[in-house]
Amino acid sequence: MKVTVVAGNPKAGSRTLDAGKLVASAVTGSTADSVVDVIELGPGLLGWGDDTVVQAVETVADSDLVVFASPTFKATYTGVLKLFLDQFATGEGLRDVVAVPVMLGAGPAHALAPELLLKPVLVELGATAPAPGLYLADTTYTTDSRIAEYVERWGSVLVAAVTARTGF
Amino acid sequence: MKVTVVAGNPKAGSRTLDAGKLVASAVTGSTADSVVDVIELGPGLLGWGDDTVVQAVETVADSDLVVFASPTFKATYTGVLKLFLDQFATGEGLRDVVAVPVMLGAGPAHALAPELLLKPVLVELGATAPAPGLYLADTTYTTDSRIAEYVERWGSVLVAAVTARTGF
Amino acid sequence: MKVTVVAGNPKAGSRTLDAGKLVASAVTGSTADSVVDVIELGPGLLGWGDDTVVQAVETVADSDLVVFASPTFKATYTGVLKLFLDQFATGEGLRDVVAVPVMLGAGPAHALAPELLLKPVLVELGATAPAPGLYLADTTYTTDSRIAEYVERWGSVLVAAVTARTGF
Amino acid sequence: MKVTVVAGNPKAGSRTLDAGKLVASAVTGSTADSVVDVIELGPGLLGWGDDTVVQAVETVADSDLVVFASPTFKATYTGVLKLFLDQFATGEGLRDVVAVPVMLGAGPAHALAPELLLKPVLVELGATAPAPGLYLADTTYTTDSRIAEYVERWGSVLVAAVTARTGF
């Protein structure tokens, strides 16, 4: 199973990325194969056809399971993440991907955002997203039990969705 | 595989119900085992604990695959359907159910509603909803190719989600 | 200025109703002129044309400012409230109304629901909704400062929207 | 009244910008005072504190009425527009602004997006958004009657919201 983490934080090497990796490894039991720290793709994100961006899109599209992680900006996912998602083809770009929408926020007020706002974009790109959007507290996700509870409840559903398609 | 259709139309025996049955049989290849035409449950929907309503809730909760179908009222699902969904326990009521959100409308303007509005309620109840919300034209769903295309693309994903859980 | 409070709680005389009244009086400085405790309208809500329901719809439609208050059920407004809203004509039913969407919940996790989910239904009915949806904690709304802060920030905007239309 | 149009299209000089200008002049009766064609702000959008970006943010924040226009990408507004909106302070950045959410799309299927998805971001930034989100057909907005109908119904509401605050 090929697993990728996409982090849409304007700062490279963010807690968003770290949390995405934790979710990926909690679901699959091993480290993610690839990481796309979107901001590191640079100004090519603002246009179409940049080689580095195209390669990152292909890495994601060729993955079996992808964790899409974003901080909460203005009660929704970031512009940085959406810039990257805008590079995928509608209905096709994530056709072979099981997607996990994850958002981190300072407090619980935006907990509905991953399910109501981030997941529908991934679905529009063709992803299979069988588990609820996951919202994490950005200061306690390493110590609270939220990721563990999510994986306990939804991990097998996510893995089964990959297995059904790939035969892994 | 136990399959149920829930129709949330204020009129009994509606096209909503008919469309829900068509989706269910297109996904599974056979007629739905049970039907809940919500409006026929009557005034017990307005309170808690009514025997007929409780029985309908159990029928749905015990199903493997449930099509939830609603007409589009005020750009979203109906109050009648939500009344019924309010009878289920949060996070638990649809825990063992693979859910398919379906809405019918007079024109395409509300096509985002099943994904953005109906699916999140089903997910909140614990359902696994691995396929996009399906929006149908209420005058042409029997003759257009929308249900067929949806099942071609998502039918195996839905069946696999049931199989993964039940071993069917 | 004619002010009405609509409460969509399956229990009559609920905290939802109380909170709606508090918001209305905080915005306008006086007690609401009318109250629609939706559940008291009874089984006529499940059909069309019931006299009591029609009268309640007219009361709301003839108001200048209406607070629509709902508890949070399944991460959104109640079926009881939506049943009542389904009785209004699309684009017209709240054409002369300035609307305030209010939801109460047990914790902050659903704080986005009034803005993302309840307000769009009111807008679809033709209401002017110039202020954000308001989310209240159902155990502390009488003692915390949430309503006061909301009215401090948005009260004049709401009153101005009424004034602009009516000349009050 | 100071009026600004913000266009969030990855292509400069787009129909999105043109449509935004048409909406602004239809509402106010005169040409917009300022235009922010977001993509022209360049790579400074990917970080914080870029002079050109800061100046554009101030132009918008100091406006009385702002039309925010976006094409529909992946069933919602663009990453380019969100990048720009992420530069504003939550609850404050658009505090003095009456905002008009506008989206253009190839067909009617995404007509709910301006109300359900774009408007809430503007509201989160503190904007007053008293009129519904406006969805335009990107091939016919210059010839169909959609803008005229919107302004007939909502133009006075928008102008009144500005007047109430500024005394213009």
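Should a chain be cited, it is by its letter among A, B, C and D, assigned in written order, with residues numbered from 1 in that chain.
The working rule: a residue touches a chain if its C-beta (ideal position, glycine included) is under 8 Å from a C-beta of that chain, and two chains touch if they have at least 3 such contacts.
Per UniProt, the chains are A, B, C, D = NAD(P)H-dependent oxidoreductase.
For clarity, every value in this text was computed on a predicted model and none was experimentally measured.
The set of chains in contact with subunit A as well as subunit B comprises C, D. In this assembly, C is the chain whose CA centroid lies farthest from the centroid of subunit A. Subunit D is reached from subunit A by a rotation of 180°, derived from superposing Cα atoms (nearest 5).
Inter-chain centre distance (subunit C to subunit D, centres taken as mean C-alpha positions): 28 Å.
With centres set at the average Cα position, the gap from subunit A to subunit C is 36 Å. Within subunit D, the positions touching two or more other chains are listed as 75, 112, 116-117, 120, 124.
Within the complex formed with subunit A, the subunit D residues making contact are 10, 39, 42-43, 45-48, 73-86, 88, 90, 117, 120-121, 124-125. Subunit C contributes residues 75, 107-113, 116-117 to its touches with subunit A in the complex.
Those residues of subunit D whose C-beta lies close enough to touch subunit C in the complex are 112, 115-116, 120, 123-124, 128-132, 156-157, 160-161, 163-165.
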